[in-house]
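Each of the next two complexes has subunit A plus one other chain: subunit B in the first, subunit C in the second.
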Partner chain A sequence: MWRFFRSELLKLRKSPIWLLVFVSPALSTIFGLGMRIAPEMEEMAWGMTYTMMAAPHGLLFLPLLTGVLSAFVCRYEHVGGGWKQMLALPVSRGTVYVVKFVWVIGLLLLTQCLLLAGLLAVGTVKGYSAAVPWDILVSSLVGGWVACMPLAALQLAVSVAWSSFAAPMAVSAIFTLPNILLVNSEKYGPWYPWAQPMIAMLSGAQQAEPGVLGVPPETLFIVILGSFIAFFLSGFVYFQRKMI
Partner chain B sequence: MMRGVMASEWLKIRRKGIWLLIALGPLGVVGLQALNFFLRYDYLTKRYADDLWGAVIGNVHQLSVPTLLMGIAIVASMIAGIEHQTNAWKQTLALPVSKWCVFACKFTLLCTLLVCACTLLAAGTVVLGIALGYGTDIPLVTLLVKSYLPFLAAMPFAALQTWLSITIKNQAIPLTTGVLFSVLCLFGTAVGDWVPLKWLYLENQWNEPFYSAGPGLLLGLVIYVIGLIHFIRKDVS
Partner chain C sequence: MSEAVIETNQLTKKLGNKMAVDRLDLRIGQGEIYGFLGPNGAGKTTTIRMLLGLIRPTRGTVRIFGRDLQKDRLSVLRRVGSLVEYPSYYGHLTAYENLEAVRCILDVPRSRIDEVLSVVRLTKEAKRPVKGFSLGMKQRLGIATALLGSPELLILDEPTNGLDPSGILEMRELIKSMPKQLGMTVLVSSHLLSEVEQMATQVGIIAQGKLIFQDSIEALRQHSGSRIRISVDQGEAAWKMLLASGIQAEWELTDANRLLLPHESDEQLARLVKLLVHNDISVYRVEEEKRSLEDMFLELTGGGDSL
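Let's turn to the complex of A and B:
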């Protein structure tokens, strides 16, 4: 499994995927730098900057990026007819699928880390005097990452099934664009898997001013875990039986 | 020559799900706004009491902008991806057609599909407004302006996405620029009038939608010509 993991790295190493991972954190950092914070709000500077940076990132970027990355890790196989070659190697289909999934979420984790780095850079450049609220930041970023896992599972299943790069992206866009309306709804937003990255990333930071989202963590847990199991299992079983 | 190539382009996109997407985009936007309006019917009807139709059209338009940008990226990538996927660029260009013609036809195809989507959006908006019981006193000019002018304002993006999708083999890149634009356009109303993303909202200091669509058409043409020249001079691998 580890070797297989490394063979994937070889495929991705010289590809523009590293560029994609940087796009959203870079954009968010520019947003963060452009933001002005009144002196009397200095105490909350970190939280406010984080909210400003995480909102566009979590609302559309992260769910859509999940789609791009999932399609990307399947690209070499689809383009060069590599599925046959790869499955002729002494690896099980299950391993192939799990390793691809781990790569997708690994790259997403890297994106989240870069976002954190961007936030720290903004804070340093602007010289925030307050202490960095590590616990809130880390739990929000990890929360957003975990909330992406069901999406990654579905996208990987679609990416494996269709050889076109744009088709999985279409699925991703179809489910992600309703976020723009749904995150405003306290009643329906928490039940929508694609809204979870945004909710997970922002609800922690807003605990300082409670009642903004007011979503019980149990709901989120059920939605994220439930959709993850459903999407991952169906993709996994599908790949086991797929004719290559 | 153009007609033959165009006919082959129509043939190539058959059974690829492109028509499904063209239908799903506007219907999805209208459907979501239908949900929005039906769930909050009393609140929204009271809030927009003096201009109910304007509210429906405006809300649909707001949501259609990011959808349009994402749709352009995906459809452009699908149209160009047919050749990338089967490594058929050499084959297509070996036919007795000029390179500019191939590029022009792909772009025309995208535009034609987008016009279909805009028409569906307008029709869907009318159905939604009537279903909401807002009467049949439809402001037709506003409806047509808000349904079709964003398409003209989106020309720079259509030209850019066509260009990127055709010249870059790795479709992740044009699709990521599409994602980038649709995220950025959410902040479109907050920036200066000269930013192309704002044109899609048809808002400017003169309050004249055509002042947004005009520059869009012009810039679209410029990007199209640049892309065309680049494609003609580029080696085909």
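Let's turn to the complex of A and C:
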């Protein structure tokens, strides 16, 4: 497993995948810098800046990035005929699939860390006097990351199945764009997997309300875990049987 | 025959409604160079993909090194090197990095990379990104990758496809040297009889998914009924002389000074040439008249339904 992980690192090290990781945190940081906070709101500056930065990130960029990264970790195999070489090596298909998935979520975690770094940078530049609310920030960012896992699982399955780079992108866009409408819907939002990163990232920051949009956290947990298991297992089983 | 390295039992793959591979019983002995011959679309690549576990057989079993491939896939593949169809590569990486990516998985010493690069003579190009390589160089890199794990069995699917004549020659010499130097067994597929003939010790012919011939290269030559053509200055005298030593030669229709002999062993042919020369007959040419693969397929498949 570890040996295969290193082999993947070698392939991805010299690829533009690392730039993708910076895009959303950089944009969000610009939003954060552009925000004005009235002096009387100074106490809540961190939370407000975080909400400002996390909203576009969680709503669009993070789900889309999940699609891009999943397609990217499969791209070199599709382009260079690497699947048949790789799978004729003494490495199990299960290992290949799990390692690819770990790379996707690893890079997503890196993105979340960069977003946090961007937020801290904004706060430092603007000289926020309030203490950094670490517990809320970390739990929201980790929550958003966990909420991406079902999406990553589905996108990886699609990326493995289709050799085109554009097809998984289209799938990602088709499912992500309805977020703009659904995330405000009390009825459907909590049940839509693509809305989960946004909900998870913002729920902690708006602690005043219990749950999100009146939905208890248990529901969200079930949606995330349930869709993750369904998507991951179908992709995993499909890859085991795929003809190379 | 020596111990079997590859043995398939009624190996079958159905793709849609078509029997891509139909009840194949391959047997490849230790240290052999097995030429796997057949026209395009006959099922060669499908068979090779099954031998490597890339696709699952519809029916039948594959045993490699005496082990069931389904059950012991990883330990079997550790001892197999392969190159399937066009070469696989990561274009944005250098040749060295491509090999390193595979080396990580195989867990062999780093020095193997330099060794295999020198075997395929890519040492000088090792630091260049592979996307700038010619097809021949990519093919050689593919061979290097296949050799990286010091395999006991090398499976090469159409390794000379797209190579120029010097590349083909080089590849052939490389393949021929493997069993001698390293004790490897080699399975090499091709759609060219001439190519297989020049390197294989065993031949299997597949047409429409069925194995229609499997034996030594010598047996194939006998079977194919290739003939020897001798051009001389005195056709009639030579014909009589051959007849006197028990060889029924035929006249070639267009030229009475050309004789056609049935296929002879090397020693017998040498004796006949000596006989002619000693009797002051000038021998201009001694050539083998080969029949094309198509002819042979027609014969082996009983005519009509071949190719």
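In this text, the second predicted complex is superposed on the first by the 239 of 244 C-alpha atoms of A that agree within 3 Å, B and C clash if a C-alpha of one lies under 4 Å from a C-alpha of the other, contacts with A are read in each partner's own complex, and residues count from 1 in each chain.
Keep this in mind: contacts are C-beta pairs under 8 Å (C-beta built on N, C-alpha and C of every residue); 3 or more make two chains touch, one makes a residue touch a chain.
Quick caveat, the model's predicted, so the values are computed rather than measured.
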Discussion item. Under the superposition described at the top, does placing subunit B and subunit C together on subunit A give a clash or a fit?
Written reply: fit
Fill in: Residue contacts on subunit A - larger count, subunit B or subunit C
B
Item to complete: Based on the superposed arrangement, let me know which partner A:178 touches: subunit B (first), subunit C (second), both, or neither?
Response: first
Worksheet entry | First, second, both or neither for A:132, with subunit B first and subunit C second | neither
Worksheet item: With the two structures laid over each other on chain A, which partner does A:142 touch: subunit B (first), subunit C (second), both, or neither?
Response: neither
Item to complete: Quick one: classify A:120 as touching subunit B (first), subunit C (second), both or neither.
Response: neither
Worksheet item: Once both structures sit on top of one another, what is the angle subunit B-subunit A-subunit C taken between CA centres, to the nearest 10 degrees?
Response: 80
Practice prompt. Pick one for A:64: touches subunit B only (first), subunit C only (second), both, or neither.
Written response: first
Practice prompt. Using the touch definition from the top, say if A:76 reaches subunit B (first), subunit C (second), both or neither.
Written response: second
Discussion item. Contacts for A:85 in the overlay, against subunit B (first) and subunit C (second): which applies, first, second, both or neither?
Written reply: second
Practice prompt. Name the contact category of A:15: first (subunit B only), second (subunit C only), both, or neither.
Written response: both
Worksheet item: Regarding the shared-chain residue A:37, is it in contact with subunit B (first), subunit C (second), both, or neither?
Response: neither
Worksheet entry | After fitting on chain A: smallest Cα gap, subunit B-subunit C, Å | 8
Item to complete: Would you please give the residues of subunit A that touch subunit B in one complex and also touch subunit C in the other complex?
Response: 15, 79
Discussion item. Give the list of subunit C residues in touch with subunit A in this complex.
Written reply: 49, 52-56, 73-75, 77-78, 80, 82, 84-93, 97, 100-102, 104-107, 145
Worksheet item: What does subunit A use to touch subunit C in their complex?
Response: 3-4, 6-7, 10-11, 14-15, 76, 79-92, 241, 243-244
Worksheet entry | Residue numbers on subunit B that touch subunit A, as the complex places them | 16-17, 21, 24, 28, 32-33, 35-36, 39, 63, 66-67, 70-71, 73-75, 77-78, 81, 85, 170-173, 175-176, 179-180, 182-184, 186-187
Practice prompt. Show which residues of subunit A lie in contact with subunit B when the two form their complex.
Written response: 15-17, 19-20, 23-24, 27, 56, 59-61, 64-65, 68, 71-72, 75, 78-79, 163-167, 169-170, 173-174, 177-178, 180-181, 185
